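Shared chain: subunit A. Partners: subunit B in the first complex, subunit C in the second.
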Partner chain A sequence: MPFAAGRGSRCASMEGGLEVSTVIQLLVNSLTLGAIYALVALGLVLIFKASHLINFGQGSWVMAGAYIALTLLLAGLPMWAVLILSPIAGGVLGYLLDILVFRRLSKASAWIFVVATLGVGGLLHQIASAIFEENVYAFPPMLSTEPQQVFGIFFTAQNLWVPGAALAVFGALYLFFEYTRVGKAMQAVAQNRIGAQIVGINLQAILALTWALSAGVSTVAAMLVAPQVGISPAMGLLVIKGFVAAAVGGFESLGGALVGGLLVAVVESLTNTFVSTAFKDVVVFGLLLAVMWVRPTGLFGHAATRRV
Partner chain B sequence: MGTKMSLMRRAMVALGVMAMATAAPAQTKRPVQGVTDKEIVIAAFGPLTGPASWMGLGTRDGFTMALEEINKAGGIHGRQLKLVYEDDAFQVAQAQTVVRRVLSDTKPFMVYTGTGSTVFISVADTLRASRIPVYNGFSGSAAARKSPEVPTLFHGQAVSSTAFIEDLGKLLDDLKIKRVAVMHDVGEWGRSLCVPTIELLKKRGIPALTVQNYKVGDTDFSGQLVALRNANAQLVVNCGHFPEASVILRQARELGVKSLFVGDAAQANPSVWGRAGKATDNWIFNWFSPAFLSDETGPMVDFRAKYRARYPSAPAGRPNHADTFSYGDAYIIAKALRDAGPDLSVEGFTAAMKRIKNFQPSPINAVASFDNPSNEGFVESVWVVVKDGRTAVMGTSQVADLSKIASGL
Partner chain C sequence: MTTSTSSRRLAGAAVLAALILLPAALASFQLYFVTIILVYTIVAIGLNILMGYTGQISVANGAFMGLGAYTTALLMSLLGLNVLPALVGAMVLTAALGFLVGIPALRIRGHYLALATLAFQLIVETVIMNWTSLTGGPNGQKVPDATLGPWTLKDLPLYYFVLLVALLAFLFARNLLRSRFGRALIGIRDHEVAATVMGVDVTWHKTFAFALSSAYAGLAGGLFAITVAFLDPLAFTVWESVKHLIMVILGGLGTLVGPVIGATLIAAAPELLRGFREHSLLIYYALLLMLLLFMPGGVASGLERLLRAIVTRRHASIATAPEPLGTGSAPGAKAVLSALAPVARSDGKPLLEVSGVGVTFGGLAALSNVSFTVSPGEIKGLIGPNGAGKTSMFNVLTRVYQPTSGSVVFNGQELLQVKAHEIVKLGLSRTFQNVEMFGSMTVLENVLVGMHHSLQASLLSSGLALGSQQREEREAVEKATAILKFLDLEGLKDAMANQLPLGTQRRVELARALAAGPTLLLLDEPASGLTHSEADRLMADVRAIRDSGITVLLIEHDMRFVMGLCDSITVLDRGEVICIGTPDEARANPRVIEAYLGKENASHA
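This part shows the complex of A and B:
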């Protein structure tokens, strides 16, 4: 058996070749991670659809959501209350940040906006670091982590809860956009800002609501990933994979965020297992570049039409 | 006139002698870097940010707490100890910058390092060359240590990887283990344990069934764990740190890995079973203090209460072993500073460090002896087993239980 304990030289390659049960097991496990990536991507997509700009501080919004949930939990609230109140509190934070920062930049250039998102992200990160330092806080799982086995595939109720909750969020957002007046107004703003204003849609209110939704979704993602990795300022790094997921799926597509998240997790897991731990991120970013090369708008994105 | 001149000459000579006599002590009492009449400056660094921040936060807080106690009790020969702690973010480049800045700007009497092996070995030679006293508080890699070590560098409570391997051999014998897999982080600490573990297994004629690795900060180990499951090992030796260990142990059980897991002292933290719960039952880890972090009786109870009073917002999992190690390290350094006498010098301090023998810095710390060529204070350790969130030093009954489990795998 070849082995070299070099720095990343030999990793998690699977001895004994590829087995169907192993692949299925990895796919099942990827559902959990993929769902989290998808929710982070969803937070990015919501902002992009409304403003055609990217929130480069989105990772800190996820982290902030986690600390909101942690604070409520430490305050003694029962878990069901934490699950309900945290996304609402996260949404209020997003709403306030829009009023205090982003609304004031509505006429600024895209670069200024990008810097502002980085600034807000950095501010949230530093506030969390100042209050909680970089300690890792445990966050309890919502459901049992006792392993169950079906046809040789292991899973836990918690493993199923994460993608289930993520699907519920995606479903609820789909219904919201398709069947509510506010949701349709948000879609109108995403498609044609000027036109939406002409028909009487309050642009500022819709944008504020979009920030609130994005922050709320980020909080859900945080609560789903927290039992797995704990809560610390470093969890904001999740945004890197979320960003890849959003770009792969297409920044304008909710479904694209879901597919992108799952795809990134599957590629990451299979590479980690069958190629190398050291190469898993290499392949993930390779996937991003490949999609950008073949289809720059992402798998589910639409090419922008320009009137000439 | 001649007599007058003679008297003048004598007076001048006497004045000269007096001047020289008064000047002489001033010459011997030359200033020592980082030492004034009122304080002794100790510079320190470790990761205060990033995934390895538990090391830096722990070493900073444990050390600080001990220093406050020492200062409150009057300091060392009337001098207060002052700690200047810098963040290396567990990044080699940042650590090198920090060390350069510490040596050129802070100008401390000595340096305490609260960082892990990956970073420490990158700055160790710079610190050795600086000729100021350095106390390595948290790097256990064999690569970070020399024998004979330079006279100014001392290695504290992070037991060396060499000691871990010796203990592992005994454990394999005790549990009659024949099928072993290895898992390690790719940082210096993980590698420094993994390589000799694999060599040990080869020497015993039971080569590792599989070797899996991961990065510090990873959160998904499914691929590695499925490979371990397929390898069907009785025992998995996991070399790394506790944040990853808690996720690994939980995911291992979720994925149906039934093997016993063994961890090194860098994984010894109650937050592992706090986060992984029942998945840590029968988990074995290396430890070397008379008291363990989660003890419900004895000196650790008092220490935790004291710690909580000092750091009321500390999260679950703190104090961790970085806190307790550095707490003891501060008392060891204080003893050497005291023994070096009021006229503190580098030579006096290092000689006092070398004289430390069978000294227990505090009731929660192990006994230290630095009278060896490698300047290593701590070399002995024990195996501890977790059951239902409680720890027990491995004795006959635990060996019997675990052997039975291993034989059934």
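This part shows the complex of A and C:
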């Protein structure tokens, strides 16, 4: 089970039964997990808002971001430089993929786009395998993983760093969308593509920027999750639950991604502890299926009306 | 087209002969390889029915193949079943699950549907990986030997068995896709609403397409299991689903030979790319992206386009020739039209009674308290300025919109309880304001969709191409051709609908609506976009249609058309009826003039 939240989680055992402290411990453990899922979901939401399409290869983008960070680290750069430069490099990758692939498919039908995102995801996966093979590389945590204890609840500094960093990313993006010109231009494109162009917004540039942002966010997610799971080509599959988070929250808002991420993490932790480890994935993916059946637009999305 | 059909038959026979004789030329491991290719063609054929023909997306095909594989193996090892019932069992299970997975498809489309199938795929993967007691988990499981009569299915007997099954699978799919089911699926892909109006039960067909493609994947999975003789859960992950997608896209979506070509190329790729063995997957994905960017129609469609370029060059001259101004008096046509139509009431009561119908969207009342009648045998006009609610009225009549109040009685029957795809059976058929052609089908096929509801052939008889179904198809083609003749479209019957000029497309849509055998024909702005002479021709056609016993209700802006053709007129303005009468009465009515031209002009009437 990859997402043990540092050594502090050992106490979330069955002995405590349904004591409040157990539940709180679970929630604390879920924060780290939830932050990762929220960031992956955020990457998806950014693309969806701008182009109303889902990037099915998002998991591979996280993996690619991890390898970018790894490369910079192995090249000898200090950690703080890696933290800053990796998302930028990831953003460049996203920008390039938009120019080379997604921009040319802007007029295509839904299935072409879905398959294209899967294709890009697969390609990234294969390139990573080709260059780095199937080895699992270690990535150092940012902060200490010494368990601390407050009121009987265990956690580590890393446990706080991850959700903290994620919140910082969310906060920064929120401010960006609300208070900068470019951010508002992106909102305009999300709401009314033709209208945005009429008032002079450069659609191509905004879309390219969106892909870059999404890739950058995925890189941050990668750097936050890497210390716990190691870096390998199969990383993308670990964060695939980010899709569930995005679906639960609705693909249309930052808040939705955040809430969705937390919710999925809590469901996963609870299932893992009180039912079984094997079952937790089935429950989480079952949640995705249920959302698609009952309310495809998620908790915070708007139901689309069909024009006849 | 006969030369093309017989040359295709010849090519098919040649390929089959080659496949039968192949084992003589191959070593044992090569034969195994070709067997795997055949298994994948079955997968691709099934997925093509779902994606290529019905236009639905699924990322769960790998899971269905895995389900088929494990079910077959387990039925054989745990229950001791013979391979044939085990395969059938696998197909039943996967079909049932495919049906369930298809249910979201009814409410969501495109990427949401892909997500739902992704969820299913991941669930199945997890279950297979973790239910170790049943599946062996990550270590996999050996598959017991399959025996059929005196033969053990390995090497040569296995090859011929798989070849036979693949051939049957191909023929069944081909027959089905050439029948009314295939046309219905393409209709759903091209224009769901138009397909519904022509009598296609979209819900049923979509879930059926899912179930069928899943059954094909399940069957292939079972064959895969006995061929490889070992189950590895990693063979059925989401990347396997992507591989299947690559196969159908590479080969060409929505074509009959596409899946065969695609499956062969992709399954053979590891051998063909011997030199790049390690990076074959990398090449797959690069290839996939190139295809999507530069040739989304795949190999088969490239070939198809080449063939058509040669064939349609002969038709091109007909399409651009000036329209002949006959009056469509082909003698057989009227008989055909009257024969197709359900009998209208002759008790003097109106054919259509609209009473107090209201439709509101949020705060906007598209229609409020609209009442009018249509008498049998008349040509009635429904006119009014833009936004008056005319098309909304048509949408109410064909059950696309649900009115918030009022009732509609047609031929003595309350219409508002009837499902949208069943309206056409009652005798109501329509054309659309924006021509809703099934662009990827030929003119003849478009007209045949109009007859969808009157054809009886079942799934099974269509798939097996039974004599009764073939006969029914021939008769349908005859009737459809007669209707095309009536509208002077016979020469274009094999032309692709999306390559025709607008005026011609409108006539094809009219032919399609007539093929549905209506008692009441609804025409939504049929003259829009037509030249003067085309509009004259249309007037003559509508008169001929009425003379053959069909009542007509039409929406039009072209006043010359309306005045010259209609027996009576209902005028709508802003969702309300403002005048009912003869064309002359409407023309003189001050409220009507005001609606069109403004208040000042009304006083000058």
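Here is the rule we go by: the second predicted complex is superposed on the first by the 279 of 308 C-alpha atoms of A that agree within 3 Å, B and C clash if a C-alpha of one lies under 4 Å from a C-alpha of the other, contacts with A are read in each partner's own complex, and residues count from 1 in each chain.
Following the convention adopted for this analysis, contacts are C-beta pairs under 8 Å (C-beta built on N, C-alpha and C of every residue); 3 or more make two chains touch, one makes a residue touch a chain.
Nothing here was measured: the structure is a model prediction, and the numbers come from that model.
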Of subunit C and subunit B, partner touching more subunit A residues: B
Which superposed partner A:Ala205 touches (first subunit B, second subunit C, both, neither): neither
Touching partner for A:Met142 - first (subunit B), second (subunit C), both, neither: neither
Which superposed partner A:Leu299 touches (first subunit B, second subunit C, both, neither): neither
Which of subunit B and subunit C A:Ala188 touches, first, second, both or neither: neither
Touched partner set for A:Ala110, first subunit B, second subunit C, both or neither: second
Touched partner set for A:Ile99, first subunit B, second subunit C, both or neither: neither
Which superposed partner A:Leu83 touches (first subunit B, second subunit C, both, neither): neither
Partner chain in contact with A:Leu123 - subunit B first, subunit C second, else both or neither: second
First, second, both or neither for A:Leu160, with subunit B first and subunit C second: neither
Set of subunit A residues, in rising order, touched by both subunit B and subunit C: 278
Complex interface listing, subunit A residues touching subunit C: 53-54, 56, 101, 104-105, 108, 110-116, 118-120, 122-123, 126-127, 130, 240, 243-244, 247, 278, 281-282, 285-286, 288-289, 292-293, 296, 308
Sites on subunit C touched by subunit A in the complex: 51, 55, 57, 59, 103-104, 107-116, 118-120, 122-123, 126-127, 130-131, 193, 239, 242, 245-246, 249, 278-279, 281-282, 284-286, 288-289, 292-293, 296, 395, 400-401
Residues on subunit B engaged by subunit A in the complex (per definition of touch): 48-51, 53-54, 57, 184, 186, 191, 194-195, 198, 207-208, 210-215, 217-220, 222-224, 226-227, 230-231, 243, 246-247, 250, 253-256, 271, 274-275, 277, 279, 313-318
In the complex with subunit B, residue positions of subunit A that touch it: 1, 3, 5, 7-8, 10-16, 19, 22, 25-26, 29-30, 33, 129, 132-138, 145, 147, 149, 154-156, 159, 225, 228-230, 232-234, 237, 268-270, 272-274, 277-278
